[in-house]
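Each chain gets a letter, A, B and C, in the order it is written, and its residues are counted from 1.
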Amino acid sequence: MHRLVWLFLALFFVAAPVGAADKVYVNGIDANYPPFAYVDKNGKPSGFDVDALDWIAKKMGFQVKHVPVDWDGIIPNLLAKKIDLICSGMTITAERAQKVAFSAPYWEVKNVFVVKKDSPLTINEIYAKPLTVGMQAGTSEAKWMADAKTKEGWKFTIKLYDSSPMAIEDLVHGRIDVAAMNYPPARDAERKKPVKILGTFGEVEEFGVAVRKEDQELLAKINQGFALLKADPYWEELIAKHLNQ
Amino acid sequence: MQEILTVLWEAAPFILEGAGITVVAVVGAMFLGLGIGVPLAVAQTYGTGSVRRMADLYVWFFRGIPILVLLFLFYFGLFAWIGLNLSAMTATVLVLGMTSGAYQSQIVRGAILALPQGQFKAALALGMSRAQAVWSIILPQALRLSIPGWSNEYSILLKDSALAFVLGTSEIMARTHFVATRTYQHLPLYLLAAAMYFGLTWAGVGVLRLVERRVRIKGYGETA
Amino acid sequence: MRVVGISKRLGGRRILDAIHLELFKGQTKVLIGPSGGGKSTLLQCMNYLIFPETGFIELEGQTIDPRNTKALCAFRQQVGMIFQDFNLFDHLTAVDNVAIALRKVRGWSRRQALERAMAELERVGLADKATLYPAELSGGQKQRVSIARALAMDPKVMLLDEPTSALDPELVSEVLAVIRALAQGGMTMVMATHQMGFARAVADEVLFMENGRIIEQGPPAALLTPGAATRTLDFCSQLEGGI
């Protein structure tokens, strides 16, 4: 019995990653954030950000691996060096910038309200009525919404979810009245579910790649890589493939 | 319907792989927990002074804090602080195992207390040391009595393992969630996950029941 | 073996009060007296299963220091103990019950230990039950196994704590027969019992204990002869009348 215990222990310690010999940068992604980052039905990380980073890595001569990480824990994971960068539709905020270094913005998104396809609600009614609005926890838009709600005295209550598709699911089943999220996942939902985008709210958000503050070398490579990518025809191809299907 | 079946068919290998990770995490944690729990139980029942207090403190600590908090505390806090760079999987097994150790110690302690204490005295009277008496008289019986408690602990651990995704261990739940957000087929996918958990519980409890039958002592427990 | 000035308190109550006892090789002493009189505690103090507050034990002129774990274990090997409720190891067969201490304490090989264990089981007439587990044995058989278990360690002294009290009446005689054979074979013994007939027949000396003291002691003929004006006899007639 005891030998078995030791065998197990040994296995796990040996199995822990060792080699820094061939440096592979690990990109932590929110696997529940289509179309920027997600995991395919067969387990392959995919999405706009994943493809973009793969292209940049190839161009700039480094290797990258995409690993799904819980969004709530993604910055602790970065700081604890479990991952090396976050290229996964992360909005640049002052709060986050205190802990991590951001690349130049590479994409802008609006935030939108999503309602059921047959819903008679209007934007103004959302702010005025005691409705329930579903949002993904730990996101910049959820934080903005909570702050603005207190300031403006809006009547709705916010319900937080692990991911915005779960909010969409509850919206379809009538458990919440409105879902609020970034535009791209809302577009994704609109295509797959009986829901529609009602209108925008909040500020335009800018996505950036996050790295540890001391990793300036990596940051420079990424900034340079995005500049090259945006000048390349592949950029339009990516947009067409992921964002404007 | 066709669409649902296609999604399930395509997602099954990916989620099944997650089941493999779940099994490794849970079985690893069970064994680690056993390795920690048995000495703890002995320390709590036969230990004196500071040994006993340390064991009490350990159990109190790990039972008093939610696993989610422990996972964060150890993975991002303690392990990193002492310079231990562990993979998410290793950290998952360690934290689940240490927590399970606290619970398993109580299973074993209960079993020890349920034994007639005269046997311990009889062993001492034959000239055995306390350690010998515990090792060759008390534990063989207490561990047998612990098996039903373990099958309980296994099924709890199996479900707790879903929390490990906060560290990036993508087991059944995390993977199901990925596919569900991608395809919006929540209900069939979570049914699939439920079926996998059910299968794993059934298999684990079955194995323990088999072990219980293998180590059964004739006539023992039937009269007691 | 000498017991010198043993005292023990439990929960503020004085269980043993400065007990002195001297036991010579080959002697059989019987402890009698009411329940709660301290018989069981005295026996357990005699091999330090209970640590007395004052006093000490001497074996063959050697004083035992109970804080020295090694010496304590060595001492206990020389003092066999039989309990009222047998305390067999439930997870081991009869023969393994007898053999385990030989293997663990003496470091004998499995074969050697099993051989000796079989010999001891034969001595108590249970060779044919060797592979049975305690739960499959009758009370009398269990007690005989426990005697074999103690004998296997070659004890110099045997302490028996009411070995027949937990037995159905029809099983008492088989156990007493084994003990009688031991006494006749020259074993040094102290036995607490309520079996007066047996005490009369086997004991070299009877000790009557009450309230933690030895009140009367002497050869059974002196204490138990009808008409003797002793507390012992009083107690025994009550006991025998009661049954």
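Definition applied: a residue touches a chain if its C-beta (ideal position, glycine included) is under 8 Å from a C-beta of that chain, and two chains touch if they have at least 3 such contacts.
Nothing here was measured: the structure is a model prediction, and the numbers come from that model.
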Topology of the chain contact graph, where touching chains are joined (line, ring, star, complete, other): line
Chain whose Cα centroid lies nearest the overall Cα centroid: B
Chain A-chain B separation of Cα centroids, rounded to whole Å: 33
Chain B and chain C: spacing of chain centres that average the CA atoms, whole Å: 45
Geometric centre distance via CA averages, chain C-chain A, whole Å: 77
Chain B contact footprint on chain C (complex, rising order): 44, 47, 49, 69, 73-74, 76-77, 79-81, 83, 85-91, 100-101, 104-105, 132-136, 146, 149-150, 153
Chain B residues touching chain A - in the complex, by the definition given at the top: 7, 10-11, 13-14, 17, 27-28, 31-32, 34-35, 72, 75-76, 80, 85-90, 93-94, 165-168, 170, 174-175, 177-184, 186
Chain A residues within the chain B interface of the complex: 1-2, 4-5, 8-9, 12-13, 15-17, 28, 31-34, 38-43, 67-70, 72-73, 76-77, 79-83, 162-163, 165-166, 168-169, 189, 192-193
Sites on chain B touched by chain C in the complex: 116, 118-119, 121-129, 132, 136-137, 140-141, 144, 217-220, 222-223
